[in-house]
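Each of the next two complexes has chain A plus one more chain, namely chain B in the first and chain C in the second.
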Partner chain A sequence: MSDPHDLPKEVFLDEVHSFEFWFQAVAGYLTERPNGHDPSIEEADLNSSEREALITTLCNYAIGETAALEASSGMIRFAPNRRAKIFLATQVVDEARHLEVLLYRLSELGVTHLEEVVQSRANRSLLAFRKRLLQFVDGHDWEAALFAQNVILESMEFSVFQAHVERADPITGDMLTGIIKDERRHMGFGENELGRRLAETPHIRARLQAVKKELDPLVLDTFEDTLEQVGVERSERPELGRSYLASVERLGFAL
Partner chain B sequence: MTDPLEDARSPRDRAARQRFVLDDTGFDEVPKKYRRFYRKWGGVNDALARNEVLCPVCKVVIRSTRELRPGDRVYCMPCMSRLVVSVGEGGRLEALVAY
Partner chain C sequence: MSGFLSAYSIQNWLESCPQGYLEDTQYGHAPGQTEPALVLDNPTLLADTIRTTVQLVVGERCALAASSGLINAAPDHASKAFLATQTLDEARHVEIFTQRLYDLGVKKSELESTLAEHANPNLVKFAEVLLEKVDKGDFIAGVVGQNIVLEGMAFSVFEMLQAAVSGVNPKFANTLSGTIADERRHVGFGENRIGSLIKQHPERKADVEKMQKEMAYHMLATFSTQFAQSGSAMQEGQRMAQAAEGNGAEAPAKWHGADLATATPEEMEGVLSDTVLKEFKVRLGRIGIEYQTPAAP
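Take a look at the complex of A and B:
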């Protein structure tokens, strides 16, 4: 293989959005992770408060993953180009897997009545975010849905999951590591697709800035709440917030 | 015969680029044939080689078989970004996203 950096732009874009690329990529790290994690890892001893905090966190991850599953599948219908439609199909599969392995992990932690427990521990701001995201999808609003899901939600998840991995029990950490590898694609797709869109149609920027203003408090509240549960010191949170905001800033939105 | 384009380049650009043999470091987020062109980033203390640059979007190290110079274009396949190499703070090479 010669340097992939020499590929013509269109060939590169076709390649990374393709089902074939996705299939070969995930085969590399999912084959050894049945049910989301390496089966040879032993369960750590969690005390009851650690276990409760972990259950609440995983329930909220499940809410976020459900939102992404519902939104990304709906977006295929009105995605403006073939590459985006095919890529979103791979994202739908990823999000379904994330939801499934999170629920599996909850059952390993002894949770029964999964759906009820997830609902009962849901963060209100995250539920409000999900509702708003699905309104954008129902309205076939491509830019707002892409921005809310693939830029805002994905970059928040990416930052939170990475912070959590550093502090997690070994099984949860391994499961999150597998999820992060998928989220890297989803987040990159969002920023790049939206970046191209903004370059072609700059007038959408003002509208998206308003979407950002509306969603910011919901995202930041969820972010704070989760980082608290995961055990991130207050002093470290601004740094994580910055990495989450970096993509929004690169796209040229006021923070 | 001299190539006029060749002459227009700066002496540094004209200097032959160092070549690199890339090995697979275990980065598994892209199909096998692309794996050696990427590696995991070790954080702020990870010194990048002259053929490497950090993806600002997903924080993966992008590698080339050639020494990288400002103006070069590279692709981050793990997050599907197109990037342009530029000189950042302290003269270090950094990558900017080109949507």
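Take a look at the complex of A and C:
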């Protein structure tokens, strides 16, 4: 595929939001990672507390990915144009794939009754975030839903997964590396779509500020909990929290 | 995950669909394939082909809205995962049939007005009945409406179209073969998943049967108006196919007993309606729903 950035703007948007582009983007690393990770990587020797912490962490990732799956699928109906609908359809499969590989990883760690275990270990702030996100979706509030989903949630996952990869066992690290590649694409869509809307209708900035103010405590609380499970030292956590805020800011939403 | 649902995982979908029968395709067909000159150069055939393709886009847009809308209502992760793959399948179908409209000469700036002009009002009503159930988060009715009724209809329509164009339009025939493979998987999920839910919730049968009857009515009305509009184009297509056959092209096939080289629009409408309704009866019977005969449109 030639560099899509060489294309005229409208053709570029058609191209990067298409099924064809998605397929070209994901085909390589999906082929190399059946069930989400390289099958040749051997399981690390985790002690009981490490294993329990990893299970709790992965359960919360599964909650986050379920929220993303439910939100992105619900947004297709009221997405403002065909290319946004088709991009969201590719995101739906990405999120479902993430959920599937996380559940597979949990089963590799010996977890049975996956649905019950995931629910029982869910972080309350993350559940509250999910509830609020789905309210935006149910209200067909395109800007708020896209902001909460493709900017805030994706940035949170991106920052947490990156921190986790540095400390993860080899299999979990390989799986998260694949997921991170998708999150970048999703954040790019949110940035592009909302960036254009902010340029055309600057008054929505105030609304998004209010959404961010409401969701930030839930995100930061989830962050704190997850980073503790992942083994990030307490002294490093504020820095990673700032990293999340900075990644939102880089997307143009310092607000 | 119960046994049968594991067959509908994203892993299986990746291996069978994008890494399987869609590998090396572009918009569902081999790179470089084009619409044949006999369609592009004949105003009657071109107009009818655009009108038919519009119905495919309208149907697939409905399927995209329905499959994505049902994810939140799905009762388990495995069903959500399958519906996610179906969502992307339907989005791909929207994309490839929209691309076909562009290949037929519809300008991008005129896409929505072309759809609005040619969308069959009965097909729009058919979609509205289904999407009302989806909007209510009614998973059982939604999956029956989407994966049995809509997909069952699409499956037969695609097969008929593929039989009609196989000798004269390899590009469109290829596009259809991928969508037929997708629809087969969707129908399979509907039968497998809903059968067990209907057993658990027999009180839902009456409502689902009412929806099926209503959707079947709008479907038959769609067929009726589409074939009524396509008379001259069908005759033109048959005449040109016979001429092409004389020049060595493959003869038009038979489909469910109908000779596509000579069948009238009325005959084709009858064969298509009978085929779809028979399929409905069989598939609905498998999930414990009694087929309801719709009024004649």
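Worth pointing out:
In the analysis below, the second predicted complex is superposed on the first by the 241 of 255 C-alpha atoms of A that agree within 3 Å, B and C clash if a C-alpha of one lies under 4 Å from a C-alpha of the other, contacts with A are read in each partner's own complex, and residues count from 1 in each chain.
One rule holds in what follows: a contact is a pair of C-beta atoms (placed from the backbone, for glycine too) under 8 Å apart; a residue touches a chain by one contact, two chains touch by 3 or more.
Keep in mind the model is a prediction, meaning the values are calculated, not measured.
Of the two partner chains, chain C is the only one touched by A:70; chain B is not. Contact with chain B, but none with chain C, is seen for A:192 once the two complexes are overlaid on the shared chain. Applying the stated contact rule after C-alpha superposition, one finds that A:181 touches chain B and leaves chain C untouched.
Using the contact criterion defined above for the overlaid structures, shared-chain residue A:134 touches chain C, although it does not reach chain B. Touching chain A in their complex are the following residues of chain B: 28-35, 37, 56-58, 60, 62, 64-66, 72-82, 97, 99.
Those residues of chain C whose C-beta lies close enough to touch chain A in the complex are 1, 9-11, 14, 18-19, 22, 26-27, 64-65, 68-69, 71-72, 76-77, 80-81, 83-85, 87-88, 90-92, 94-95, 98, 111.
Residue ranges of chain A in contact with chain C, taken from their complex: 18-20, 23, 27, 30-31, 34-35, 66, 69-70, 73-74, 76-77, 82, 85-86, 88-90, 92-93, 95-97, 99-100, 103, 114-115, 134. Of all residues in chain A, those touching chain B in their complex are 1-5, 7, 9, 12-13, 15-17, 21, 24-25, 28-29, 181, 184-185, 187-189, 191-192, 195-196, 198-199, 246-247, 250.
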